[in-house]
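Quick one: structure below, then a few questions.
Going by the order they are written in, the chains are A, B, C and D; count residues from 1 in each one.
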């Protein structure tokens, strides 16, 4: 079982990355193969980092032979997907939005249908847009046909929308615990729904 | 497999109920046992239709020997749950909110954890708050630890947030089709995740 | 200038009420006339606390000669309106939703058009649905044609979506400060827009 | 009075641009100076189109002597601001998110505090994420301290969250009418609140 995480931060070792690594590490302990995608790297070698709908339908030409293509190939195999974003103006980062816009080819082939998704956010302020950002990540996922779970688990509690942290996330003990709980939840639901993924 | 639907409209034969019956009927054809709960009836014989947190923890005294208790008993057995609401001021109806506030005893026992949920809305206007209402229904579900799916399916497309209709919903051919698709999705995901429900 | 607050909690002296009183008290110091509406009381003497669209258009018969009618009369005069709700399952309380559904007569007469609104929420958990509840309150307001402001002010910072607190709100120093800031913002914007309110 | 519009689409003559031009043209007839910003052009000549928080506080070095700088200068003078985005995966486009992330210098100086904002969206599907995208645009605005209005007006009705269209927007008569109504609303509220803008 492959559990991928997408780091929507420009910083590959920042607050968002730290929480995603915690989540992936918990998933790995439960037997999952973990993979972390940094959107900043996936977009870095592109002439045009934004989707401008160059062809219809999308032929994914911009993702050929580069890191974006590698990232999309990982997503095609993912059973679970954790998307993390720093909160930028109450919603996801431009980098994450731009990266997700590049997943058109996955949408066309329903490659993410029934992939199990959970969301992670970090902000500077205590109530700094974490929950509105989680909801935006859920929007990204729902339009791809993903299955959404929060951070609840039978051994803990029902949870809420996902994992919210306040910077610095390394000191946010509650957020780290919720990240571990969400990892367990995602692994379980992804395991149960394996036969439902639509893989061509 | 029990698929329940909650009609958040005061009208038991109105636009919301019609769409929920379509959804349940599609689920039944796929082998599910359907059950429709009208929140107006479940709340009708209560002295206090709103939760006022009379005890902590909740002892569900207000649901003893009445229709609310019957509704909660159905929810304890549900594998899938479709919540429908007319759009009232951009969000769910007061009746639906009041009913859901009465599910505290389910939350305490994690009875809805991993129950698979989908949302249905109807409004008078073309863009009349349908999607914001779907998102509020998702909030209700996420805090109960439910699994959220939209209206996508491998035989159709990835879908969006759920089923949106414009009144009169009986003439909204697109909404009826999406309701059928969502029924298939919910039945499949609920079937696959049966072992994950936490039933005491 | 009348600044009204709506307490969506069943508890008239709880966490939500406390924050609303702080907000109103700050508004009063700036010259506003404050008024606090408890939705539990406004709904208490009604045979039917939920709107069931008994007539179309609404003739407000359910609000004649009772506390609901008094509350609606206050809202008709309000220049600013702060809506507060405890977080119940990621969104507003059933009481608040039911109360707002009873404002149909205000909507018909555009009585709240350009009234300046701000939102206040309290939850038990640190990230317990406060922001999703603020957004639901904004939905209530937007459909009534209100003007939405957050908790920013030129003497402080730009703010965020509104006032979020964690229980007990009396000890949440940050929330109390944001409540004071939002009061200043609302008084200023309500003062500037006085001529735009549509009063018959 | 300057009313600016931000086109979050990569297409400068597409569905989003068309609706924004309608809105600006209606605002101009009411005496406003209109200005349309295309985010694709503003980002086009940048080595790094995404904010990577290169300095703290932001010194806006990336906006010196280029089109991004011109766009930010317009925003510093704006009294009203209409943000339009095509719906990409249930939320705003990557281009718009990336552009807004570049407004950090405006946030620091509270340049958008009390600027009056309204939102416009276009999607391919009938319920294709228009309203969730409007809400994400409101999030962008609220964190900048803006004043949010929907598409209501005393000569029409209270409106909803903003302007939603289905492609092709040139044939969406309802959306064009709502765009005109929102223009009137924004001009009026922006006119009344002129003294509240914080301009250094």
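Observations, loosely collected:
In this section, contacts are C-beta pairs under 8 Å (C-beta built on N, C-alpha and C of every residue); 3 or more make two chains touch, one makes a residue touch a chain.
Here's who's who by UniProt: A, B, C, D = Multimeric flavodoxin WrbA.
None of these values were measured; they are calculated from a predicted model.
In the CA-based superposition of subunit C (Multimeric flavodoxin WrbA) onto subunit D (Multimeric flavodoxin WrbA), the rotation angle is 180 degrees, rounded to steps of 5. Think of it this way: of B-D, A-D or C-D, only one pair shares over half of the A-C contact pairs by residue number, and it is B-D.
Compared on C-beta pairs in contact, A-B and B-C come out with B-C as the pair having more. A separation of 27 Å divides the Cα centre of subunit B (Multimeric flavodoxin WrbA) from that of subunit C (Multimeric flavodoxin WrbA).
Remark: subunit B (Multimeric flavodoxin WrbA) and subunit D (Multimeric flavodoxin WrbA) have CA centroids separated by 35 Å (rounded to whole angstrom). Looking at subunit A (Multimeric flavodoxin WrbA), residues 90, 107, 129, 132, 135, 139, 142-144, 160-161 sit in touch with two or more other chains. Touching subunit B (Multimeric flavodoxin WrbA) in their complex are the following residues of subunit C (Multimeric flavodoxin WrbA): 10-11, 40, 43, 49-53, 88-101, 103, 107, 129, 132, 136, 139-140, 142-144. Residues of subunit C (Multimeric flavodoxin WrbA) touching subunit A (Multimeric flavodoxin WrbA) in their complex: 90, 125-132, 135, 160-161, 164, 174. Subunit B (Multimeric flavodoxin WrbA) meets subunit A (Multimeric flavodoxin WrbA) in the complex at residues 107, 110, 112-114, 135, 138-139, 142-145, 147-150, 152-154, 157-161, 188-189, 192-193, 195-196, 198.
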